[in-house]
Structure formats: structure tokens, C-alpha cells
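In what comes next, subunit A is part of two complexes: it sits with subunit B in the first one and with subunit C in the second one.
Right after this comes the complex of A and B.
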């Protein structure tokens, strides 16, 4: 009979025996894995639920359309395209759609709380066509048959957003027009805030006569989509493009992809920290049981089987932690959706109502991750256990660490690999190599610690110190592996903590600076639901003539689509001085446009997503045609992750014929009160636009922006805090484990006349020294890792750069807390170890 | 050098044969040209100054340490032809160990401690272990924990563990070093008696003349190898 790789019965005896003997440390390791798995699983569940909910909302609007012909700008395309598309062979039904952003009542500022934001999408449909493609959007009034749209039908979300009720009156505003109507009925099964009416009514009421924003196309049975798409494409004007369901999916996915991946990675950081805790617990357990393992080797347990025993313990920890983690994760996901919503604070899925759904594959994958981390964390301790020489271990007991000379090259090689990985470009649009660089740097930093600890401790060797400090120094110097295990936990948790803290501080600082740069005026006016038409020149003149207004700069912002599978880009027309747009914070070099070319200035995201570097050209859909423009410069924009373009307002008006404006920046005259000016501006707005206006001063806008920033980082902060807590638990477990394992040594010291206080002072010195060395190393490594987050992960994820700013106060506080916590934990554990009878401690077998 | 007393059964395959064994540690030669044959059932005491290499010799015999030169055969199997796994399997099958410091696993009951050599081979071994505990005077205490036992009792458990898998060779390193005279005498008598009953050869490393006197042969280890203690 073949010999088993690991005899099951004694393995079970030994694992259960160890767990009974060390329940707290085993529980800490299980808990650490459980928290990591729970966070990862919860983030995944919430993301999947939110995406499914968002996709459902998109599907309810797109219906069974195989293709959608979409306008590249809010102005839409000429409706004469519709009959030509409808007659293309292979097209079964084409349903024309008018779709504009609208408001009802006075809109509220984002983040001001409540569900009645006043914003909704107004859709106009031909019911006889729409019923075949988007039946969910065709509302039917109770008691009436057929596919007629009589009045305006609201989705539940639209009713909530406007505060309207079925049968009641409602005032809708869009494009500078106001329409007073009644809510005729409810649209069932539509997740977004949508109001639907007859297409002719919509075109008439919203000033969209002759224009369409979309054609929903259903193909004939058996038609080849590729062939039909090619025929349709041949008919398309410059201001329309074809979108497929797959493209729509890609676009909605890309909206939040980087944010979701980043949250997932943060959860993995917590799991990784848990892995270090398992490593620490396992390393200590192996060190403590070195003579026991030696005995097993003497009794006939093979080297490989001993390694498998330790790895098997890790496996058991991983399984227990993962099972618990999946349960916690589900609860956490449900709580997160209740507290911060399906977008986990990111602001991507407004209005979506996610429902959690667990798939066995996802559960198994996260359990596998937890188990994998625990097993990997046990590999080195297992190897260590198997490699120990039984005869030596039986003789020297658990103190077999002496004389080992730590090697630096594996750690340095990992650090170098991390440095190289940080230089790699994004993979599939994500900073995969950046994350790999972080992991390699962390592993390298931890691996190099034993050797680095010698370097950092060397200067202390020559120092004359009191006996307890002297003993502590000798112990750390003589047992580098033991010190390394403790340092491993400190360095891992500190570096991750520091990296995250520096990145968030840098980001917040940069956003704050940026807000200061882009908000130099005294009062700002912003109109919503004016994609088709905003303030006309007469209204602009009236606002400019407001008493107390020294200067007013108008802007026009519209969303344009440059690629069918990417989110819209914001185009803004604004005053441009001799050197470019006056209010935009520029980064990098500029290029001078050749005579006759239209210059534009693009945000950093445009460079990442469309390769729009200075000196290159872009083609924009403006005024119903494709207009080539010259990229003259790049500016920093933290508001629009998917790209923004600025152009001179006169160029915009000339190219589009649109002289209306949607925003205004107002400088008040010296001595004038900005509050009064704001009120006066609001009073001078055309009545049709008054409800769509938000007027604010920079301080308010800055506060709202930073509040939104903090909200979007709330989950990040929470995940970071969890990682820190796991890291500190790891440090505490390591210190207490090491200290309790040295009861015999303390007993001996007491026998030779070392006082109890001196032993505790020695432990405090050891803890403080380890905290000091670990803190210096961890903060240094964290600062390096922060550079990867700031210069690699963030630009590759969100397409913007930031300036490094160090939170000195936080770093100093962290360092002090670490040293105090390390010393404190060592002393607390030391008191427990010293409470054992000194005579018995010395006599104990092991 | 060989031991002084003739083997009890010259026709049988020796339980242990050592030929021309040499071992040095950094800075000095422990021994060289060490030769020894121990017959089944024979009990040999090895004495010598501290640091002369007595424990190292036992470790080499058990395959836990490697010699610089020489050959060791246990029950006819040459250690030199075995890799680490092979030596481990041989140890599990053919060798029983007793230590000065007992080395009883603190988290396992007595019966599981004793059953370990059999369990490591894939068996259960708890019935045999219970029987063995009874033989060493600890019947009925199978479920007890090591912390509940005295030093003498712990060494009885160690002897039971060393014999439970019926090894052909017992290696005992100062088995009575931690015990008082009276207990030491009883433990040694038990170890020798049980070894003989099981037909196992035994090598007992000891500093105690009193303990050595109970063995069949007494050898003294020095730089030149083993020599009869009285010669």
C-alpha cells in the first residue's frame, strides 16, 4: 500500500491539539482571513448587484432593440434619417425617439439629501413603433386599450424625483421651455427616472421639431447584424453613430469599472494583511513547536509530511476563515447597500436599486482566495519546520534561531521586480501591473526586513545601555528570524496604511488646490436640462447688466460621444485668452495651432483614452458634421473621469450655431455682496430656466465637492481602517505569541536575579525597538508604494494625475502609536508570561 | 574497537553493526574508527565525558546526523544507501527513542502520545498503545494529559512509545538523567526488561555507573572509539 502523503490520524490529533492549546491566536488568524474574504465578497456582491440593476434599467429603456442609432450630441440628428433607416433591408422596425434631460420644480444640489432631486429624462416615442421595440416605455392609462400615449407617463423613480403623483399636475422644463401637463399613468418595470410622452408632443413642447436623439432598431428574423450594420452605417450623418447592446454594456461597465476594481483591490489588501497575520501565527507556532516537530521526525514523520502538516494547518485556517467570511460578506453587502447605496459611494449608479444575488462561482472564488492566501502564508513556515535539523532542535528546544545570518538578495530582487512592474502600461485599461508592483514591493520590503533590521540595529550595538535594554538588543540581534516575524506584520500593515494615507491626502490636497484654481470667481450659475438650448444672448445680456456684476463669463457645456463603447465626453465653450482658457489649470507642454485650425484644450483623461496629446488632432461632432480640431494643451480635471474638452466660445458658436450658454462665472464689483448678486442673478433668469438653475458661491461649491470626495472615499477609508486593525491585531498576536513562548527564558532570568520590573523593561525595550525599526521601514516602504498608487494606479484607473502631499501629522502620530503599541503589547503579554511560576517555567519540558 | 562481552547469539543478524565510523565537529575530531555490533536482545551502555560525542553517535545511528566516514547497518539495512525519507521510514519501523527530557507532546493524551509511531505509519495504534501503557504501569490512564504526570511517569510513557511499534533497536539518551536514584532504577529496569522481552537491542547512553551496571556490556567512548569500560 502506498504511504500517505500525510498520515491523517496523527495530523488531526496534532492540529486539533495545537488549536486547543492556542485558541486565541488561531481565532485571530481565522478572523483575519474571514474579514479579508468578507470585504472582497461584499464589494463583489454589491458591485454585481448594482451593475445588474443598472443594466436592467438600461435594458428597460432600450427594450429589445438590436441596434440603436444615437446622436453624438444632445442636439440630435435630422429626423429625415428615420424613413431611410426604416427602409433598409434587414430592418424590421425602427422606432424614433426624442430624449432630453429635463427638470421639474426647483432642482436640488447633488448630495443635498432626499430623493426629490427634480431631475429626470423626458422621452418622446411613436407608440405604434415603440410597442414593437420598447414596450415597457409605452404607458397605458387604466381603462384604455391600445398603444396610444396620452399625456405623460412617469416611472416610479421619476415620481420620486419630482414629487409628482399619477393624475396630478406636473411642470416639466427642458431646453429653456416649460410644459405644464398632468401625469397620466405609471411606467412599470422602468428603473430610471423617466417620463414618456408622444414623440410629436415632445418635439413641439421641447423645441425639438425635426430632430431625433435616437432610433431603436429591431432587425428582421434571419438578418445578418453585421451586414445590416454596414448598410445603416453608410446612411449615417456625421452627428449619429450606431450603438450595439454589447457597446452599451461596455459603456455602462466602463463608467464604474476602475472604481470597482480599486475597491476590490483594497479588499484584497485587507486579505493580504490577513495573510501576513496567518504567516505570523504559523511562523510562531512552528518556532514554538520546533522540538515537537523534531520529535515527530525522530518518530518517523517524513520531512515532506511535516511541511504538509503545517500547510494543512494553514488550509484548515483558510477554510474556517473563508466560510465565516462568506457569511459576513453577505451581511456586510446588505448593510452597505442600505447605508451607502449600490455605488458604494462612488456616485456612478444613481437611482439604481440593487438586489443581492449570490452565485456559487463567486462564493467559491472568494473562498478559494481566502484559502489560497492562508496556504501561501503557511508555505514558508512549513518549509522552515521541515528543514529544521531534528537532533539540534531536540537539544536546543524552541531557541533554534541563533546564528542564522539573514540574506538580503531575495527581498532586493522582489523590490527590483516591483520597480520594473510599476513602469508597465495598463492591461485591458486597468493598472494590473501597478497592483502587481505594489504586491512585489510589499513582499520585497517584508523579505528584506531581517537583513535590514541588522543594518538598522547595528548602530545600537556599540551603545552602552542599562541591562534590560542591553538584553533586548542582544535578543533582537541574536534571533533575527524571530524579530523578522514581528517586523513582517508591522512593516506590512504600516506600509499599506501609509501608502493609502499618502495617496488619499495627495488626492484630496490636489482636488482642493484644483477647486481653488477652477473657481476663481465670486458667484457661479449652472443650468441643468439645457442640453438643447440654454441662456440666449438676450438673457446673457440681462444677467451681465445686473447691478454689482463687474464681469461675467458665460460657458456652454454639452455632452458629446466620441466612441460608441465609451461614456460621453463633456465639451465646454468658454472665454479663451491669448494663452488658452483662462480658468483651467494647465499641465504639461502646449502646442501652437497652425493658422486656420480650431484649437481645443483637453483634460488629462482625453490623453489616456483618446491619445489626444498636444499637437495631435481630434474630430468632434459639431453642428451636424465632423469637425477637425487641434489639441493645443492639456488641463487637469477631477470632475470628469472620461474626458472633457474646452474650446473658445466664438469657435463653438460659429461651428454649431448655438449661441446659448449653460453656465456663468461672475466677478462682483468691489464692495458688492455676493449673496445679493446671486439673488439678483436668479431673479433675472428667464422664468422657463429659473427652476433649472443652481447658483452658488465658491466656498459652498468647494464644500460640496469635498463632501462628495469624502463620500466617494468613505468605503476606501473603511477598508483601510479594517486593514490597519488586522495589521495591529497581527502585531499584537505576534508579540504576545513570542513573549508567551519565552516563559522559560524569563523564569531563568528571574532565577539569576533579574527583577520582574527589569524583565518587563527588557520586553518594553524590545517592543519599542521593533516598533521603531518596523515603523521606519514600514513608513519608508509605504512612501515608495504611495508613489506607485499616485503615479501609476490612479492615472491608469481614473486618468488624472495629482501632486504628492505628505500628511506629516498623521505619519508622526502613526509612528508614535506603533512604537507605543508594540512596546505595550509586549509588556502586557510579558505580565502574563511572568505570572507563571518561575520554577515551573524553567522545569517545563517545552 | 568492539565491545567486551560476546554477543548473546552469534548466529543471528546483528541488530546494529557499526564499522570504522568517524565524526568530527568544527575544530576537533569526536571519534574515528568506531566499530560496534549489538545483537538482538543485548543491552549496551555507552559512557564517556560530556562532549565526547555520545549523543552524536546515537543521532548518527538513528540517521539524524551523518558521519564523516564508516558504515552503519540496522537489522541488515545499510543507512548509507538510504535517503532522508528512507532513513525516516527505517527509524519509524526499526528504532525506538527514549530521551532524557521525555519529549511527550503536551496537547495529546497519553494513549495518543504512545500510539504516534504506529499512527505515523498510517495505522490507529491506540489499542496497542493502551496495552503498552498497561505494561509500563500506566493502565487506565490512557486519557490523562502529560501535565498530570510526574517525571518518572512521563519517562514510562516515553518507554511505552519507544516500544509500541516493536522496534529492533532502542536508543536511549540519558533516560534517567532527570530522575532520582530510586525512580531511575525502576525506569531502567523497565526499559531493559521490556527491550529484552521484545527482543530489541538497546543502546543506553548514560553518565550513571549505577545505570550502566544493569546493562549487558558497558563501553566507554573516547577519541579512539569505543572501549570496554573496565578494560
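Right after this comes the complex of A and C.
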């Protein structure tokens, strides 16, 4: 028998009829897909733009250097390396660079507003060399030939940061020195806050005589990079390393990759929730149209064609949603860059403003995702429509498929698979398996819902209750599949929002506790831009002698590079007691160092990134040598995602020869006023360093830290709220759809004497019960998924752990809101259904 | 007498932040030249150069012109800076090959601050290094040079066949109406050249005749000078003719001079009135737009009376444009009846910036 020619026209008519009948629900489904696609696309666009601008900034500074020889520590390496590198066969140009962090005027706390942060990078280079490698960094005065070897040239960002003008005076502080000079000109084409001067001036004025931080190397034409690199490597001292542009990009990429991937995943969660909404809309649409579908079947339409019809509807929803989503996404990305910058609040990229660039491939991919989700969400409803036996469907109309006992094992299998996936290690440094575990748990939880619903409703079966409640119970017991559709939506959205909320609450709680632990003193002093020289012993003694200071503990922090393709690690010199650093919150086991070895205590990230477990050894570039150190313990650190190492004061001084310090924690004497002490400390700072100092009390520091925390989670919160809203819309859509489809049932109930109020009470009970069951299941599932976020996704992404703390208030509120919303929607929809004439409603039943 | 470099020295010095002027020694008459010491650098003076030009012939009989020039400048910057990078002495070098086969110059340059063994101008005898470029005087009195880029290479040995030629009054050579505008100046004409030229990666043996100019000064030109022309000719009979003029903004000669040493070794110093440049036909550069008098007629009053020397370039386009990092000038191999040499023209392209 040939395929009937029927489908096209009646099918279209059927689809359009449905859409006309339920415009809001269809719009909600389209919107849900659109939001998911938009969020995903926007996060992608912003990330691309931010990375491109960051890479551009790196490039303008790195110029055409084929590779860079970089100091592993801010102290740099001896300048005698320069001629040796320049003489290596295959090296066309070696451009020596002095680079130090500098400040101008009084620095301000990050996030305290204003553009003049006072921070900039001071670069000293030899223009005769640099012009062949990094021409963007060579200052040129208008009307003058050749490279300028005098004067200081500022990038636009550096002018903004210092508030200086071209031709005007500027005071720069770096390396414990203050340098009064004038801005000779502008550096075009450099995005970062950079000031450039001649290398001899930089060495002299910034206390860098004999030291270089970098050599930018351009290879001769035709030279084999691997061969030259090997020759260079043989010459390198222990305090220098070779970096290539590729490694540089890897470093800038790894700086923010985990954060970006997590945002992308959140967007995908929103899309997934949108998928559930499509699923519920389609399921309802199928249920409502059972008689029509049956009729079509009787008229000769095949099962497959019917399934295709439903899937085709999903495809149409998906296409509409995706197109809208791409448009929204672009707008969203543009707005996000305007409002929070290219790092989406993550604080990873400073300065340069990114430019959006749309790649058609990415657009197509996200549209494809949106369409795919919509189609997949329509597969089950489509199969259901096709499977229904026409005779039964025609007779019982839209309702009944009672009887079939729901099976629990597919859902349980998915849950088990999710549990296993959570145990898997990270892939490419990202918690891919963790996210897979979340998806599997979610799918499993939803799949097990119909069976679970029976289990959860069972205790209520024996209960005596008022008529409406009992009716509601019977109904839910009898039609588990209908109930399941509503429950799926509730469970999916509830569990996701609970998981996110628990994770963020745990994280914030842990950060708060941590801040309390690491900030036990009364006043803190921090110096910026002192990587090369901080407070010398005399200045330390002067500060310690400040009246009212009971105890002062000095620290020194420097950035060191352990791997060329990874961000710097912070090394700090700390007061160390008998049991280790006194101020660090320790986690996990400790190891006792063998005699004669230098103990260090590492942050959790070091364990993840460098496998620095207690009892192992690390090699640190200190004082121009490679120093083996012994990992004695691990501490928790939320401030430095890429690792931090603490070392005893005296070890640091001995190994680096650097007795200066950059931080101080001050305990004030009983009765002394911390504010007054803070002012006294500032007054006692060496004048050269006063501008670089931040003095704060723990409460202020805590407030700033938590403010930064909330800022970096702002986008997370926003995405979460969107998911919740989509979930709630789904729940509302499901209820109203189901209720409207039951007009005949209500007619029948009215006929046998049930009052209108009782019907509404029945509906409210049904809604509340569903909300209750869904809420319990969703919150439980969410708590499980939160464990995956806390114990798998976060450690694998950011290399830190946290203690679980539950936001009870939020959970209770959520639960109540769910029950009320479910009951409320059911009643509102019920009023509409009941407004039809009861007699006519029953007559419908041929 | 070279020229744009003096300008550069002025520019660098003018940029010195504080007045804190460096006490550059003045050039005075009556200071005798002492060799080999004066072949080496005079780091106290503001500017100095070693300037070799000449004609070469390949085995195939093709004529080529070459120029290898090393400059030393003391810009007056970083004098009290203890950094090893302090730019107390800046060295730079130009090399060019005039190849009639291409009809233009192949040229390259090096510039570096002295130090780290990467760039140096030794005192005591001539030894100049900038990265891989060299110009050195050997124990036997010959000069060797290595210079080039990916495009061309010069490896030459220049051997004196005549005593060196002290210019002006015992090496004191005036360059302007003000006696302070002067330099210490000597030349070595009629150098026999042997060596190799590399073009397009192909190395071939060459031989020819060259001219070395040595000059150092602290105040070469006065502020009204806008350009200058210089001509050094190795005459076929063994004579050597040096002619230069400094032009003012009217294009007329503000100062002029030179010398003639006959084959027999009789030296005649030329006064401003003894020298006249007649521009002749000009060649306009399609790149810079400058109109160069590449074929001037030079009038010189020698002991035997005025001689007229019509100059013919090897080919017109011997313009060397190293802007923006360097100067724009014309430096080319030229012929006159009975002699060959090099002509230098500056200040024709654009207003000279002082």
C-alpha cells in the first residue's frame, strides 16, 4: 500500500490549529528555547571577544617576537645573559626588557571606583633593538626621526590610570624608588596601562641595575625554531625560562578557561530546562489531540507520519526559538560587555575593552543546539502519539491511559551512571565528566519520577481526607503519566536551582569562614608594585615601633613561574610556628620535612596543578637558582586559583637574599584604636612607598572580598534566575494545559453533585500534592547534584574545595513557593475550565 | 664630511632632558694627528665616522659601487647613568651596493648602543663592531669589512697604496664661516680592494679601488646649513681629488673646500673660492619625490688653472632612503673623465629638520 498523500495539508491545519488554540504555551516554549540559545551564544561571544582582546594586548606587547626569555621571578635575571643570547646562531634580534609593576600617586583599592587606579606597568627597553621586535612599544616624538632613547611614553590606558597628560609631570614609584619625570609622548596601539622608557633609565631609576625581566627574541629567517630553542635553553640560568607566543596564549586561556566553561555550562542548563518546557508543551499537545490523531490514524495516516508530525512541531518551535535566541544573544553580549566587561565579572582580564565579532560557525552551532533540544524533547511525545491505539483513543478522548505501571529501572540506571560519572577525573583540566554526571542525574531523576510519584503518594492512599483531597489523590494515583509530565518540569527546574543555590551558598560560606581565619589581626598593611623591593628591615623596625602596636607580622609575596604555559604562582614568606604557618587555614594531612630540607606549605590548587601532595618535593626558582623544597602541608586559599606557596620567613630571606617585606598584619594593644594605629602606620612608611600602601581593617577587607565574590557570581546568579523562571513557566504551562484538557471530567463531576468549589479545592489539592511530591524529589535530587558541583566540578575547575552549607531559608522558601505556585496555577486554570457549561462539556463525550 | 649624521647627533643631543650639557671637546687647529691612535675612536667628540666607498669589478667584468659606513655618536645622554645600557655612545652603520643590473641600491643598516660586546668602537686603532657587521684595521695596515643583509653581502679587504691624506690644515678642516664649524679630517684614497660580494645568495670575487674618509667633530655645521654635496675621486693617474660644499637655504654655497693630491704626492688645499658645483640634470626619485642633481658639473681651481669635471653616475637611482629610522640621501658611484669615485648629496628631499 502506498503512503497516503494525506499528511501535508491536514497536518499543517492540525498544527496551526493547536498553535492558535494555545498561543501562550507555544510562545513560552519558543521563548524558553530562545533564552537557552541566547545565553549560550552570548556567553560564547563575550568569551571570544575577551580572549581576542586579551590576545591582542599580549601581541602588541610581544610584537613579532618568536619567543621570549622570561624571568621566573620579578627579580629578573642577570643582564649578562643578553649578549650570550644575542650571539646564538639563528637569533636575529634579542631585545632586552626591564619590566616592573609601578604605581603613580596613591593607589586605590580594586572596585573602589574611578578610572585612575594608579597602577601601571613600566617597561624599559632598548629602542634600537625593540624597533625590530616590538615596534608598538617604541615611543616616537612627532617631528623627530628615529627611535627616541629619552623620555617616558604612556599608553592611553596608562594616562588614564595615572591621570597624567602628555607633556605634563608624573611621579612613578617602583622598586622602592620614586621617580619624578614628564610624559614625553603617547604609545599608540598598546591597550594595557604601560609606560615605556629607555632601558638604561629604567634600570637606574627603578633600582634594576644589572637585571632584566625579559628578552624578546626574533629568529633569523630560515632558522629552525626547535633547534634554536634547544641552543637557547642550554644557556638559560635557573631563574629564566623560554616562553613562546603559543605558551603565552595557553596561559592567558587557562587563566579564565574554567570560569568560561562554567558559564557556558550554566547557559546549557538553561537550554536544557527549556527542553523540558518543550517536552511538557508537546506532551500536553499530544494528549489534548488524541482524538484528532486517532481520527487521522483511522483515515489512514501511518504511525511514523504521526510521530514525524509531532517532531516536526518541535522542529518548528526549535527553529523559531533559535533564531530569536541568536538575536537576543548578540544583544545580551553587547550589553554584558558594556555593563560588566569582557570577563563577565570574573575579574580575569584587566583594562582593554573587547570588541564583539560574530563567527557564523558558532551561531550555527548554538542554533543547532536549540533545535536539537526542541526536537529531542518532542521525540517521546511523538512516539506516544504514534503508539496510542486509535480505537481506545477515539473512545476515551483526551484522557485516560490508566493502568500501565511505570517502570523505575531506566531512571535508576541513569542515576547510577551519573554517580559513576561523578567519580571520573577531569578531562583536559575541565570537569567534563562532572557535568555529564549532572546531566545524567537530572535525566535519571526525571525518568524515575513516575514510579517515585507512586511511592511518594502511596502513604496518602489509606488516609481519610475530605472529598476534594481524596478525589485529587485518586486522580494522581490513576493517571501517573499525566502527573509525571508536570512532575518532570518541577523536578528538573527545582533540582537545578537547588544545586546551584547550595553550591553558591557553600562557596560563600566557606569564603566567609576562610576570610575570618586568614584575617585574625586588627590592621593589615599591603604594598603594591613592590615585587622587586619592599619594606627594608629598617622600615620594618620603624613600623613595629609604632606606639599601640602589640604585635606585627611581616610577609613578602612575589609571583614566580613554575611552568611556561601556566599562570604565575604566588610565593609568600610568612611567620612559621612549630606546626607550620600561623595564619593559614590548613586542610588535609601534613608531612614532617627531613632534616635540612626547606619546608613549604602549598594551597590546594598546587596539589591539583603540580601534584604537590604533602611529602613530595617542588623545585622553585629562587635567588637565581633552582631550589628543591619539601611540601609539608596544604592550606585552603580562595584568593589565588592558580596556586600559592607559603615559606618560612627566614628560609625566604636566606634563599632569595631579599629581606624586604610587602605586607604586615598588625595586632593592636588592648584599648588602642585600630583606626588611629592605621593612620600612624601610614605616616611611618618610607615616603617612597607611601603611595603604594593600602591599609585596611579586616571588616573592610572582608566586605571588599565578599563584594568581589558576589560580583564574580553576578552572572551566575542571573543565569540561575533565568533557569528558575523557565522552570516555573514550565510548571504553570503544564498545569494549565492539563486542567483545560479535563473540562469533560469537571462536567461529569458537576453532574454527579460535586460543587464548583469542591472541584476547585480538588484542583488546588492536586496542584499542592504535585508541588509537594515534585518539591521533595527536586530538592533531594538538587542536593545530590550540589554535591557533584561542590566536590567534583568546583575542585576540578578552580582547584579549591569548600564545606557544604545549606541555605535552609532559601530551600524552605523555594519549597513553599513551588507548592503555592502549583496549587495556584491549577486553580486559575480550573476556573477557566469550569466556566464552560457543564452540560455542553459532558455532551462532548458523544 | 658626512653629513646627515651630524644632524642626527644634534637631534639626539637636543633631546637631552636637562640642559646639563656634555663638554664635547672643540675641534681646534694645530692639533696634530697621531697614528694609529687616530684611526681608532674619539669617544669624547660628539660624532665620528669611518666612511668607505669605492668601485668594484666582478670576474665577469661588471662594475659595482659599494659603501660601508660606521658612525659613532655621543648624544650627551645617560652620561651619569651607571647602567650598562646607558646610551653614552651610539653606533650605527650603513652599507649599500650599487648594482647596475638592478638599477637601484641594495642597502642595509645596523644601529646599537655601545656595550655588552655587541657594539663597540675601540680606541687606539680602528675596530668597529655592530652585531655581525665589522670594520677593522689590521696590523699590516689594511682595512677589512664585513657587512650585509639577507639581500647582499660585502666581505672586503682594502689595502693602502699611498700615504694617508691629511685634509685641511694638518687635519683641521673648516666646514663653515664660523671657525668653530670644523672637523678633524683625513682620507685614505686609492685603496686597493679585494674580496667577495654576495648577491641573491651567490658569492663572487671582486676587485677594485676604494676611498676611506675619517672625520670627527663636535660642531660640524652651523644652524643655517640646509644640505651638502661631497665628491671624492680616485684619478686614473693616481691622483686624489676631494671636493665639498655646504649649502644654505638659497641653495648657494655657504662654505666649500677640498684638496687635490697629484700622483706625485703634491697636495693642494682648496679654499671656498676654488670650488663650484653646477647642478646639471636632475633625477627625480619616484619613491621620495626628491630631485637629485645626480650629474653635476664640478669646477675646481687647481694649480694649473680651472678644471671642468662633468660627473656621470653609474646609474641615476642610487638614492638611499632609510626613513623613518634614518636619513634620506643620495650616495652613488660616479665617473669623471680620467677618474672614478663617489658623490654624496643630502638635503634635497625635504626640509632638513634641525
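What we mean here is this: the second predicted complex is superposed on the first by the 832 of 846 C-alpha atoms of A that agree within 3 Å, B and C clash if a C-alpha of one lies under 4 Å from a C-alpha of the other, contacts with A are read in each partner's own complex, and residues count from 1 in each chain.
In this section, a residue touches a chain if its C-beta (ideal position, glycine included) is under 8 Å from a C-beta of that chain, and two chains touch if they have at least 3 such contacts.
The shown structure was predicted, so the numbers you read here are calculated from the model rather than taken from an experiment.
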| item | value |
| --- | --- |
| Which of subunit B and subunit C A:335 touches, first, second, both or neither | neither |
| Contacts of A:20 with subunit B and subunit C, given as first, second, both or neither | first |
| Partner chain in contact with A:129 - subunit B first, subunit C second, else both or neither | second |
| Subunit B versus subunit C as contact partner of A:210, first or second or both or neither | second |
| First (subunit B), second (subunit C), both or neither touched by A:86 | second |
| Partner chain(s) touched by A:467 [first = subunit B, second = subunit C, both, neither] | neither |
| Shared contact residues on subunit A - subunit B and subunit C | none |
| Complex contacts: residues of subunit A adjacent to subunit B | 1, 3-4, 7, 9-10, 13-14, 17-18, 20-21, 291-292, 295-304, 389-391, 394-395, 845-846 |
| Interfacial residue positions of subunit A with respect to subunit C in the complex | 79, 82-83, 86-87, 96, 126, 128-129, 131, 140-141, 143-151, 198-201, 203-204, 209-210, 221 |
| Touch list for subunit C against partner subunit A, complex | 8, 11-12, 15-17, 75, 77-78, 81-87, 90, 111-113, 116-118, 131, 150, 323-327, 353 |
| Subunit A-facing residues of subunit B, complex | 55-56, 59, 62, 64-65, 84-85, 88-89, 91-93, 97, 99, 101-108, 112, 116-117, 119-122, 124, 146, 154, 161 |
